[in-house]
């Protein structure tokens, strides 16, 4: 019998771009595999937790899928993952790695193919450290992922924190924070402001005349939104586990085929969707989904070539991979990223020690 | 030639029909009274004339068929309404109420203040806080400010002190004799109606049951249809 | 905290307030004066920003972009008024809520359908970019000063139009009794179409102006919408002066709250709890402000008392 | 025009027949969907008490929905982690027992309703809409940053809470619970409309000055309605959280308030079954339209627009005409 | 003096610079109709509102049934037996005529806090309401919506609601306004009988009715009582003729 995959992702409303990229990356890999025995059911969660839960129920109860994937946002993942894994389904996360699911709440049926939420922030701290910054202004929205981000940064940064600022979720005007940055005397700024918040901040920052260097995780500088930030982002350093210029045959093939298929450059999210599908395909080669134990160990072996290069799972089923630092550059008339160095090698996450499975 | 002519006008509020065939005719310069007991359809007739209530039948004003005209265009042809219950714009000042729909002509703000000095004293007060009678004056002033050819007064003396009421009646006569304005009046004071109006139309249950010269409105008719 | 920083933050608060006013200006007409609850106002704001971004992308001219924003949103406004809103004036607030909620869905997804799911680019024109130094030694982005100017200009213009001109009087009369003002010979439907599309144009203009320093994306209108309602209600519905003062109050509360609340709390608890509690309090601050003002003055600061 | 009474019977029939059919056909998800509709209906029936009867346009009913949800979330979370809810002055531990959770949700919502109501009822009209919205937003932002209970991530409760004698994990069992509660509340509501309180409240909505001159206190009447309304919506919140086995700040968001209000308006404000029809239709549309296209919100918007523009008094008004006077 | 039901002493009220009431002292005695007349804007409705409690006086007191009620609310006074009808109809327009009357009966029973029993099942309340409708001649319209009534019929319902309260005193603001010839006559004879039940403080511009009904008349001009007396005294008062009556009568 074939394999049925349920994908719950955000396809409408404000955050739709991310979900669409994950979906497209995922479907590209499925298509390239040429397998016709894999059926993917895709549903739109509208970025609402209750809808996501409802869709998960639908996938499990009436679609009777074997594997679930697709969720973009941590809070939606927290709503869906514990219950579907408890019901014996495999969940592969193409994005979002909230810390509870990596630590005490880990589950043998849950695999994260993207990153644990702290990863890129750890790398941010490490990079600031390696650049010799002494006093960094750090900023994130006031919600769990924001707190995680700043803690993640501080974990590998040994200098001083000039000021730790939590902004409102969805804030659009950063004049006051920029004034604080200017007055803080910091020698660098680290910020985590996903989506539109990051765009607003960067545009306003670049017009403010403050020229303290800025560092952030990949999310605010990804292919999808970089064009909207425009020149304001040029030169900004950001951390990422993937970039389109990673020089491996797999990655080159991926970038080329994605561009050919969808007529746009792949984003980080597309790469994660692609990896997720390839992980699944690799496990299907050696085991059947009906054999839960066997299939899980096939997944855990991660016997596929990730577009990001080396990839393996840690004890908590979260990635151990390299994290790079990228710089925003202009290529022709589009803005994109260029890797300028590796920050962390074979980096896992600190939560695996709390994971007992 | 008749200025306003209604023939066989009927109208309903949703499912309940209020008018069943009203006929009415006012010539240029005429003052007519529309009479009938409470709830017989006087105000509904007025609403039809002012196009606030959709109706069937025919309504002609100044030679034009206004039966299906939108309200504001009918008003622009020269129908000035003092509605039942005053309906002043409560959040507007007295002055603003008056100038809101002003049209050039004989009447202007100064003339209205001459007519009702009280309105001048309250010029910048909000209509909502005016006394009942003051609101009534305002509604009359507001209609005059549009300089109509036909003035419709629906219970315009309701709630006015006797002195002012007399004044309004004398204004009505003045409008009639000095400038030859056509007027349609609804009022409960038979005595004044008799002295000012040329003709009368009586409606009962939404039907015109009597119409003719005012002097012909005898005691029998009055008793039968009006209860006096 | 130094004096200059404090002064700068107060300036930021005022600036944010005026920006809020700019965003609320169109709504002041439609909601404040015409009395129509238009949830789709945020969509008109978004339409302005998107059309500006599209035209700026094609022509590179900011002026053309602004013109495009004005035209597109005014046209959208007029269309919406003629097709939908017109039938809602006589209905109660609830029907207006539902219909304009439906319009949000249509506009948001329609925009995404046309422009795709990714944010668009719209930037400050070169002559207006970069900071200037204002007296007191504060460096301030020139563009923001321009926004302040635009906001003040619009508030004065609107205030004049509503309180002093005949059109203003007629609109307010229509808000009290539409049927009656029509019976007095005013084409109130036509007038309302005009005013609605003027309100829409102002929203579009704000979207384009503000979009240059924020992100131009689907859904950008809704947070603004709520803030704009807050601003108008604090000031008192129908009062332009109220809206302006409400906007300043909200701007100042929001900006100063997010700075001082954490600082204040640091006096009593450890820094990281203080920052987190402080910033959650500060996100509630404007709602607490609104609640308090309405409890104190149930019709807002400058609203007409019932 | 169909008599409203018959229509209501048909709607109740739908709520009974479809789940039974789904149970027989082994379509558990259909039952889940119906459960969702029933819970939304309950929330909206709650709002309709304030909105339809009391004329209180509350754009903050998500407050109660969320309070109900967090009542469930917090109690169950403490039970699940074996930590006490509070230790002082008395030791209170969590619970996974639905009746207890419901009582807690109802009491908490009533308290919130009382406080919010007293303050909000000083205002009226649009100001009331906005002040209730403000309270909703306060709760929303508070819950987002309330890290003890998950903040924006919310709280996951891995196993649905229990009800004596039922296996709540079986969809049809849980559905039976929800639909029973819905019917009970509808019955109470139908009595309420015709009761002395209902008549006085109805008049207080239309002419408060008149109510006052006959010696009744319109504000107190409205406050009572607001509290009742809040408790029903709060109860629905607890059920909803249990349906999803999850609560998060979205339950407090203004969009949730808006949706609950949309249910009521789609069905028909002030109609006994208005909210029920509204919720059912909305859930059905959400489910079916979602499959049509990525841009299904456009269709949903057009449908809603059609309902407002062409149906006076919501769907029920469309089918049954203007509300009849209750004799 | 125990035949005084309602009295005011020195009632004063300012709206900004305007004195709407100046030192108004008057009373209402058992079995009488005390009419208050005066030019428009003289302050009659303002006075009535102070008597009923919806406007608080700046100065002065209101006594009802021997009790100082100046600080009491509209509701307290209504419960004590003071019934008011409005100058501009205040009815629950969406409800039936009967329900409107029922509201009054409910108010009289003082207990709206019954949630589950149908109001129309309460015989006593319904009887009370129907009786009141009967008396104002609206029983044929009991099942109509209030919004379907004509202006005049609404005025009748206003009075009907006041009746259901079985009050100790009536305060009526222009009950004749909007009634036709016939209606006015009926209302006049109705009020004439009503005074046996409870005295009436009557504000009215319809002089025919006032002269036919009033035992005493007070004339209010610019917020001040300039004269109080019997019908004959007031008709003869040259100043009142000047300020108010004009050449009528």
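Just so it is clear, A, B, C, D and E label the chains in written order, and each chain counts residues from 1 on its own.
Convention: a contact is a pair of C-beta atoms (placed from the backbone, for glycine too) under 8 Å apart; a residue touches a chain by one contact, two chains touch by 3 or more.
None of these values were measured; they are calculated from a predicted model.
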Those chains that touch subunit B and also touch subunit A are C
Considering only chains that satisfy the touch condition with subunit C, which of them also satisfy it with subunit E?
B, D
Among the chains, which is located farthest from subunit D on the basis of C-alpha centroids?
B
Quick check: how many Å separate the C-alpha centres of subunit A and subunit D?
36
Taking the mean of the CA coordinates per chain, how far is subunit B from subunit E in Å?
29
Where the CA atoms of subunit D average out and where those of subunit E average out, how many Å apart are those spots?
44
Any idea how many Å lie between the Cα centroids of subunit B and subunit D?
50
Per-residue multi-chain contacts in subunit B, two or more chains
none
Which residues of subunit D are in contact with two or more other chains?
141, 144-145, 147, 295-297
Got the subunit C residues that touch at least 2 other chains?
108-109, 112, 276, 279-280, 283
What's the complete list of touching chain pairs for this entry?
A-C, A-D, B-C, B-E, C-D, D-E
Flag every residue of subunit B that touches subunit C in the complex, lowest number first.
50-52, 70-73, 75-76, 80-81, 83, 87, 89-92, 96-97, 99-103, 126, 142-143, 146
Subunit D residues touching subunit E - in the complex, by the definition given at the top
188, 191-192, 194-203, 206-207, 209-217, 221, 224, 325-327
Subunit D-touching residues of subunit C, taken from the complex the two chains share:
31, 37, 84, 87-88, 91, 93-95, 97-99, 101-106, 108-110, 112-113, 226, 229-230, 233, 237, 276-277, 279-280, 283-284, 287-288, 290-291, 294-295, 298-300, 303, 306
Could you list, by residue number, the parts of subunit B that touch subunit E in their complex?
13, 16, 36-40, 43, 84-85, 118, 129-134, 136-137, 155, 158-166, 188, 190, 226-228
Residues of subunit E that touch subunit D when the two form their complex:
52, 54, 73-75, 78-79, 83-84, 86, 90-96, 99-100, 102-104, 106-120, 122, 125, 143, 145, 161, 164-165
